[in-house]
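The next part holds the structures, each set out as structure tokens.
What follows is a pair of complexes built around chain A, which joins chain B in one and chain C in the other.
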Partner chain A sequence: MFPQFRHTMAWLHTWFGLALGLVLMVVFFFGSLSVFDREIDRWAIPDTRYEPQPMPSFDRMLKPIFETVQPNAAERAAVAGLVDGPLPARFDTARSWGAYTTHRDPVLTLFVGYQVPNAKDHETAVWANRTIDPRSGVALPDDRLKIGSGFFYPLHYSLTIEWKQVGYWIVGFAALMMLMALVTGVIMHRKILRELFTFRPNKSAQRSMLDVHNLTGVAALPFHFFFAFTGLVIFAYVYFPVTHTQLAPLHDKHEQVEAKQTGLPHERAGSAAPMASVDAMVLEAQRRWAAKGMAGDVGYLNVQHVGDANGYVSIYRAGTDRVQLAGEGIHFKASTGTVLREDPPPTLVARINEFLTGLHLQHFRHWLLRWLYVLGGLAGCACIATGLFFFVEKRKRQHAKQGVSGARIVDALAVTTVTGMLVATLCMLVANRLLPDSMPAGWPWRGDMEKYCFWGAWLLASVHGLWRTAPVAQARLAPAWREQCLAIAALAVIAPLLNWITTGDHLARTIGAGYWPVAGADLFMLTGSVLALLAARKLQRRDALRAAAPAPMLEAGHA
Partner chain B sequence: MHDALMLLAALLASLAGMGWLALSMDVHWTQARAAAPQPAVLVTTLRTLGAAALTLSLALCLAVDSPSIAVLVWCMTLAASTLTVAFTLTWRASVLGMLVFWTSQGAR
Partner chain C sequence: MTSNTLTRSHLTRSHIVARTALALLGGYVFTWGVIAAGTALMYGAGMAFHDAEHLSYIIGILVYLGAFLAGFAAHKLRRVALVLVGGGALLSAGAWLLQQQLV
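Now for the complex of A and B:
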């Protein structure tokens, strides 16, 4: 009975792993890069290469900026279909102002939500986002893409497919199947402890691939499990959308009751009121945190019902010293600065949720743990990639004999998602350094062009993978792997070189100045280049050995 | 600086712990020490040393960070050590011999 159970587990592991491994590869790789998303932003936007800054003065700097921020054309277009009639030229009633920063951010992100007149749904808001230099208040141009936090990070959790949140659902299903693959993998693995430290590169390709698959899967098993699980927890509101579907009236009522309980007004009063000093509120919040033994900086500041008598200011602490994503929020009446509420200690369930989300989102200040997270993520990539290689190695001779192209197709898909994804990522960074500072009239925005370069390069890598995996159909090694490894090796040198040429920030300078966000990105790419070159050389040797050896099975396959 | 050194010590303790646990397995013992004998008492000693080193690693992590962060650092350190020991056994197995310097070399 047990062997049959194990076979069932193996079937699940193989086929769901194959189908969703391609998605998980993207999720793990861009998740690993997202650990250093702010640092990648610095590499991609050279104007922001300075030290992280604290939240600047609200009264002197942020308030005047908030008052002038209006949605740009893209932000207006996002709500154009949600109103009856045309959008107004200017939005006047701000629902909220928000300012967000972390201990790794030199720049400050501001966002303003405006009421939309004539909206079909009264809750519709149009958002205006700005990024400013907190030292001067100068805004970054709208067409700059924060490649790390604005592209790689959303790619990690939504594949950037925003339509009907389809991307979130695909990633969520993949994460669920990842949990299943971990459980079935543990059941299938007969010698989980005996082979914990085992890697035998000199055995057959199939055996050595399975060794790496098991090693990277088991060594980082807690990491894989907790990240797949906490990823699902974070987006539980997407996967269980009951509050905005079946339970919408109850949800709305609950908001009102909660507002009464907390004393934080749910609606605008309708009468204008001036705003007291928010800087004084920040000082009071910091005094209260310090009194609780949790002295800290402001991470997030929000003004609700701006300019209204019901307006209030919420100040949240930056979570740099703990895993839990807990803001210790303190709320003030905007017009007087009196404290309306101090968030009470969270319930047990809320604490568990804060810990699980904080574990994944990592707002803490701990560079070793960040690098260990990258290691865990890359181990996940290695585990998935070797799973795909194993699938191909196990079947390609048999498929060659039978004349079916299953192994070849899987190999082409593996090329696309493993090396093709790296080629696309590096092409995007190269494009970031080569595109003009602002695109000519009639062209897409600079940030959009970078995205097009990414997707275009990935498409080309995919076509190349499909073309150059033809030998797999004859049970041979696909040249696509070696060729794309060489492309990665070249691109991963070109990108740091272009960084040097276009900004003057070569490694000697960035390391000398201790500016690790840029130095780290360059070193990471150069290390990747060396590894890709070694992989290409190894693949060439293996191909040469195979070519020199007789291939009886291949001939048999053609017979 | 003090914290960095403590974390480095935690990493090294974790690495040594995983190394000792690996060497307590006959197949890895043979990789590292070839024909040197591995009596049963040595296996027990290696396992005890491995467990103690991993516990020390946890204690060092706890001494540096709050418990929630320390546990995460320690778990990830175990993963890093496992991978490092596995790849060392593959390419430079004899290096792990330094973890059992007090035993006889045996014929290689």
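Now for the complex of A and C:
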């Protein structure tokens, strides 16, 4: 685009980095929180604060539940538009029953997919999802939101914009731009090694912002590249649905060949058949895993074509001890319990793919690595945020002279995405502790109210950011930053306090009992509070300093 | 970014839009072609279907990154357009032909 290659790369880095940096900030932050999504769930749903449980007995506990679960109003609404005429009051034919748990889940997630009799497309299924306490079989109320795994995690990969999968596309584009920013960043800065050891906190704000930007960018470069890349690989089927469009015939052919090879029926037979003991099948699966030297627990159990002669049960191993998402699935005939198939060992390509995606999704058990992920993700946030700060610091004097509002608008957007996002997150957790146990009639569900609080708080923070960045137009520091830092500092103390008041789980008790999911969440917030307070103080000092003597301009020519 | 007049003259709004569209959409078309051709070729060569698909995705994402950067870095807009869109179309057509043979 420009005569010089590096100039073009710098232009790309600046402008696409700016435009998508705002999205990337959200993706990195909620990705970091998602590393501990199950633990955040425990904080948000106090009834589930107990130790992780193994898969309970299918025959005695799960089967009776599966047989009675029906889709709730929200789940019915999801398919209402896909049928001719009204939906039946009850669904009878279950396509599949599934039960999923991990080594970090006290609760068990169950899902039933029912055939929809008058669906326009015969493949349509209506899903009924339930979360149960595996010790008693008691279901969690439908109005509870798993804030970690049910909200922060989807925010990370889809911004929760489900319509036409638009959210996935935005995040995918942002991830591609992350890769671009890393490559162009390396091209722009030739003295990579030196930047790893450069931090001048006492120079101008602009200089130290750039130092932090380079330092976090370079130090965590492999981490950031890997996560943006594997994130794209995980959702590549959404971005490039080649095998479901152009190559659909080839895909269909493969499925037919596969059904023949595996012996697992693709369709129902149409004749009813009783179900043999699934507990016996689980024992057999565990015996076979142990014989292969990889004894383990069940992570996922699926019954396909429920109640039909073609029905089969698939049992997958929980992948707690390896990076790959290898399930070592063993499939049984549902009516007899005989083994139909044992998944063959993965091929080389499958192992590479499972390693890449497994390292991103981290189902394995390794707490140190989990924390390194969080730090890597937060380093990404720091890198993006300082990039935004640098953009503003570099231009605000010039824009002030020219009377242009560009720097101010970017600063307001940066306030919204950096501190505003934290305010919204903490407000959601505060709302979670303050809302009544169940909302009065006529109100949205409790979980939905929590989401509204999140978005409402974010909107308010954004308006505040827009209003209190006015001084940027005069090349001064925006008070919005300090004020929102103070808000974060306060909220991050209020949330753990409310947790104490409403549940009795204060830190002395949770740490004493070694219940780290809740203790960790509280400590994380309290640490955040201290950091926010320090940031607010630093900002105040800088403002006072700058009022005395304006900071020198950075040498020209830097991109 | 330096703001000398030489570079400013290059940077009309329509040029930026054209470059962005080319890098994004052209890159997409080219990547689609690579994934389609890669999947069909490797499946045709005896690899398991999902292996061929996943390997093509892994390669495809890196190709997209390269194509996006090339879309901006290249001096001649028209030549990149030809390579990305034309190449992508050719690869897709190749994948389609191969599929005819395989199904």
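As a convention for this text, the second predicted complex is superposed on the first by the 538 of 559 C-alpha atoms of A that agree within 3 Å, B and C clash if a C-alpha of one lies under 4 Å from a C-alpha of the other, contacts with A are read in each partner's own complex, and residues count from 1 in each chain.
Criterion: contacts are C-beta pairs under 8 Å (C-beta built on N, C-alpha and C of every residue); 3 or more make two chains touch, one makes a residue touch a chain.
Note that the structure is a prediction, hence the values are computed from the model and not measured.
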Touched partner set for A:L539, first chain B, second chain C, both or neither: neither
First, second, both or neither for A:L176, with chain B first and chain C second: second
Touched partner set for A:C453, first chain B, second chain C, both or neither: neither
First, second, both or neither for A:F229, with chain B first and chain C second: second
Partner chain(s) touched by A:F355 [first = chain B, second = chain C, both, neither]: first
Partner chain(s) touched by A:L368 [first = chain B, second = chain C, both, neither]: first
Partner chain(s) touched by A:G376 [first = chain B, second = chain C, both, neither]: first
Per-residue contact with chain A, leading partner among chain C and chain B: C
Which superposed partner A:C485 touches (first chain B, second chain C, both, neither): neither
Which of chain B and chain C A:A220 touches, first, second, both or neither: first
Footprint of chain A on chain C - complex, ascending: 1-2, 6-7, 10-11, 15, 19, 31-32, 35-36, 39-40, 43, 47-58, 60-62, 64-65, 68-69, 72-73, 92, 95-96, 99, 102-103
Partner chain B, residues of chain A touching it in the complex: 194, 196-201, 215-216, 218-220, 222-223, 321-324, 355, 359, 364, 366, 368-369, 372-373, 375-376, 379
Residues on chain A engaged by chain C in the complex (per definition of touch): 1-3, 5, 7-12, 14, 176, 179-180, 183-184, 229, 232-233, 236-237, 240, 242-243, 246-247, 249-251, 253-254, 258, 347, 349-350, 352-353, 356, 556-557, 559
Residues on chain B engaged by chain A in the complex (per definition of touch): 7, 18, 22, 25, 27-28, 65-66, 68-69, 72-73, 75-80, 82-83, 85-87, 89-90
